[in-house]
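What follows is a set of structures for review.
Next, two complexes with subunit A in common: one pairs it with subunit B, the other with subunit C.
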Partner chain A sequence: MKHKIQIILANIKNTFQHETAYFTESWSNILSTVFYTITLLIFINILYTNIDTFAGYSKNEMFFIVFIGQLTFYIGWGIFAGNIEILSDDIYNGTLDFILLKPVSSIFFVSLRKLPIVSAIRDGLPNILTIVILINWSALSLNTINIIWGIIIFIMGQIIWHCIRFILILPSFWLGSAKQFWGVSYELQDTHNVPFEGYVRGLRIFFSTVLPILIVNAMSVSVMLNRSSGMIMTVWATLVAIVFLIIINWLWKISLRNYTSATS
Partner chain B sequence: MEPIIEIKNFSKEFKIRTNKNILTGIFNPKYRKVFAVNNLSFKVYEGESLAFLGPNGSGKTTTIKALTGLLFPTAGKLSVLGFNPFDRNPDFLRQIGLVMGNRAGLSWDLNALQSFDLLQKIYQIPKKECNARILELTSLFNLEHVLNTPLRSVSLGERMKLELIGAILHNPKVLFLDEPTIGLDIISKKNIRMFLRDIQKRLKTTLIITSHDMDDVEKVCDRVVVINHGKKIYDGRLDTLMENYRKERVVRFYFENVPEGLGDIKNVKIEEKKNDYISLRVSAEQMPKLIADITSKHTVLDIDIKLVPLEDIMEDLFSKEIK
Partner chain C sequence: MSKVLVYPWEIGAFFTRRIISAIFLIIFWFAVANGSSNTLNFKHLVAYFLVSGAVQNIIFSNGWPFGKKMYRMIKNGEFSNYLIKPISIIPFLFFGFLGENWMAVAFSVVSFSIGIIILPPAGIFNILLFLIFLFLALIFSLSINLFLACASFHIVEISGIKNSIDHVREVLSGSLIPLTLFPIFIRQIVMFSPFPLLAFTPTYVLQNSIPLQELFQILAVSLFWSFGLFALMMLFWKKSLKHYEGVGI
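Let's turn to the complex of A and B:
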């Protein structure tokens, strides 16, 4: 464990060195994320001019969903997802060889080799702060226990999302490149801004088990806002995360057997 | 003595998709099987320096990748340092190194010191020991001036040497080198060859080298395994192989203009013919008579006698039918 933490810290340091080497090139990212957030906030404002609640959520609670949704995006997509995206290139051009030769768990190293924390903060902070200012925090029914349950569910949800993205990139081992499959996961993230209670029961079950994309955001918000049982949902999210970790470990082993290592 | 590497009946088959039709290819995919390596067996002992040779597509790189755990064998048994390579046991991976001449193992955008720092953490090399080793190796290769330069900005020769340092920073017991001197200048090649010979002698590092540059083989290796079409066609000491071919000589005669009919002598093979010289391959016993015959009949400006070069020996081996 100590060795893995040392490697994670070294990866953060290395990614920071890489980020600072190309710092000026990435500033354009902020524009697109700010534009997206502004559009979303305008949409919520328009929506709530005619209604008081949506799926039982007030406008203030919708802002809270967007807040957690933004955290989900900048942690999941901003920090971890890039590793999965470049995995497709690594398989295609054979540079995965150098990862597989390292004396650490390959799935661990592949998942956490680049951790662009500085870029995620730089891109996410303006949006998140804007939403934080818009939320009337005292009007939300938050309590410490539910927040803790919610954070655990959020972490489990991040793990599950990572596994989903991982599964979607694995066809690269057979097809050479599978970025189109991986792109599907980017579209699925739109579910982040819809309340858990907004889905019919069947879809809630489907999106919490077979394709558990609601856990990270919708479920964690529902628990934090005291709409769902914290303990039951936490146990559920943890079990699903464990199952998905087992599945990707198994699929990773199968995939590596089919790795052809693009030759020189 | 126990072998450090043992390959027994190793085969690796790749499936190549033949039905590429957009519809039928999905529902009825068809594949053609190609054997990259077919039933290969050999052993390598600790401290050996082995040249693993063959023409393009003969299965050299596939074998090296299987030995380093990158490729899963279709059949056969591989053992390196007592481990099954494909298990990729961290204890196994800590004891091997791989250098691929045309690939960058170090991060392209970071400088070498930053990449070495990550390797130090991954291989759990004591910091002090690692720094001392970096210092020793960079001064040996005269690379101190590029340590803080991003890898993308250094020359090919410097990058190759840095790659080599990265691959041996953890003192591997077995070092695999796939075309380690490709694209390098003569001095860089010489440095790398001398260095490899040194670690093989001094640290008893086992070296497995594939190269198309026969100077790499002559300067670094003691033993040669030659494969073609995935099958072994020669396995033996390099000096024995050379000795077999030393029964022959290549004699080059220089003239104002090469006379007609020189190639028609019995048991003599023309190696090369230009306007002003002709190279003839002849047995060592027959050589004095050949020289005497030609010099007595024609005005020879100069004579040059050479052993059969290793390139020609390899060419001869590659062209032989696999029995």
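Let's turn to the complex of A and C:
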């Protein structure tokens, strides 16, 4: 465990050096983030001039969903997803060989080799803070217990999303390219801003079990806002996360057996 | 086209992506329409998004993929290969890009067909108008794609600028929310900008009977922006080419 923490810290340090080497060249990303925030706020405001509630959620509660959605995005996509995306190229051009030679768990290393925390904070902080300011916190029915349940569900949801992204990139081992498979994950993330209660019962069950993409955002928000049972949802999210971790470990082993490296 | 066919599973994944995207769009607007007391018609919304989505894919405005491809070529030096060839670079690269992206066009045709089945065009004349505005939209979209390519001659990293323009496009073109749902005053201002041409205007003229005065106004604004910006971008392109620094050049 200590060895793994040392590796993670070394990866954070390496990524930090890489990120800060050309820091000013990425200034335009901040511009993009600002425009995105404006876009999102205009969208919600126009939407709520035409509707009273969205799946039972008020405009203020919608801002809260967007807030958690942004956290989901910048943690999941901003920090972890890049590792998985480049795996397709590693398989295609044979650089995975170098990872397999290292005396560490390969699935652990490919999942956490780059951790761009500075970029995620730089790009995510301005719009997350803007949304935080816009939320009328006292009007939300939040309580400590539900927030704790919600945070646990959120963490489980992140683990599940990591596994889903991983599963989508694995066809690279057989097909050579899985860019469009990977692209499926982009479409699935469109669920981040739709409330859990906005789905019909059948879809809610499907997207919490077979393809559990709603857990990270929609379910955690539903629990935090006291619309779903915290304990039941937390147990469920934890079980699903464990099952998905078992599945990706199993699929990773099968995939590696099918890996035809650059030198073999 | 043959490049894409090398990975047939990727074609399946591509269509899966688009279908998932359409399903989530339907789920989202279904939930929105349910929350509306009377203003939103679910059927009309779905038809609108299917047609406007098809327009965006056909003119390559969604994420500006042609500009993105060109700036990558300029950045990694691959662009030099085309400079030394006795060809007109922009059409050559554009039609090559079109071949690589035939799947997006094919899906757009399907999406458009379903859209007009759900909500048929207002008349034969509207189909003709749609085609005219689609052409103007293509010219305007090409101009923005070219702008991004030109910018990459001057700036090292343009992905942030590309994303910024894309976010503005999403709201002002009506790809995120139909402009008919905007407050009237804001909508009138937005209609003078070039962005509605990228999704809202072609869909609007196809699905609605429009008073002649309004039609002329939309047409004049669209002609001004599409040809005006295209001429400007051609000038910018010629000037920007002089800034290109490639290996051996």
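What we mean here is this: the second predicted complex is superposed on the first by the 261 of 264 C-alpha atoms of A that agree within 3 Å, B and C clash if a C-alpha of one lies under 4 Å from a C-alpha of the other, contacts with A are read in each partner's own complex, and residues count from 1 in each chain.
Heads up, the rule we're going with is that a contact is a pair of C-beta atoms (placed from the backbone, for glycine too) under 8 Å apart; a residue touches a chain by one contact, two chains touch by 3 or more.
Remember, predicted model here, so these are calculated numbers, not experimental data.
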Please determine, from the superposition on subunit A, whether subunit B and subunit C clash or fit.
fit
Look at A:178 in the shared chain and tell me whether it touches subunit B only, subunit C only, both, or neither; answer first, second, both or neither.
second
On the A-aligned overlay, A:63 touches which partner chain: subunit B = first, subunit C = second, or both, or neither?
neither
Put simply, what angle do subunit B and subunit C open at subunit A, by C-alpha centres, to the nearest 10°?
90
Answer with first, second, both or neither: which of subunit B and subunit C does A:149 touch in the superposed model?
neither
After lining up the shared chain so the two structures overlap, which partner does A:42 touch, if you call subunit B first and subunit C second: first, second, both or neither?
second
Contacts for A:73 in the overlay, against subunit B (first) and subunit C (second): which applies, first, second, both or neither?
neither
Of the two partners subunit B and subunit C, which one touches more residues belonging to subunit A?
C
Could you tell me if A:52 is touching subunit B, subunit C, both of them or neither one (first, second, both, neither)?
second
Which partner does A:30 contact after superposing on A: first (subunit B), second (subunit C), both, neither?
second
If we overlay the two complexes on their shared chain A, which of subunit B and subunit C does A:194 touch? Say first, second, both or neither.
second
With the superposition applied, I'd like the minimum CA-CA separation between subunit B and subunit C in Å.
5
Shared subunit A contacts, counted only where both subunit B and subunit C touch the same residue
22
Hey, which residues of subunit A end up touching subunit C in the complex?
22, 25-32, 34-36, 38-39, 42-43, 46-47, 49-56, 171, 175-181, 183-184, 186-188, 190-191, 194-195, 198-199, 203
Of subunit C, residues touching subunit A in the complex:
7, 9-11, 13-14, 16-18, 20-21, 24-25, 27-28, 31-32, 34-37, 39-40, 155-161, 163-164, 167-168, 170-171, 176-177, 181-183
Per the touch rule, the subunit B residues reaching subunit A in their complex are 14, 61-62, 65, 68-72, 88, 90-94, 96, 98, 100-105, 107, 109-110, 114-115, 117-118, 121-124, 150, 178-179
The subunit A residues in contact with subunit B across the complex are 3, 6-7, 9-11, 13-14, 17-18, 21-22, 94-95, 97-98, 100-104, 106, 256-261, 263-264
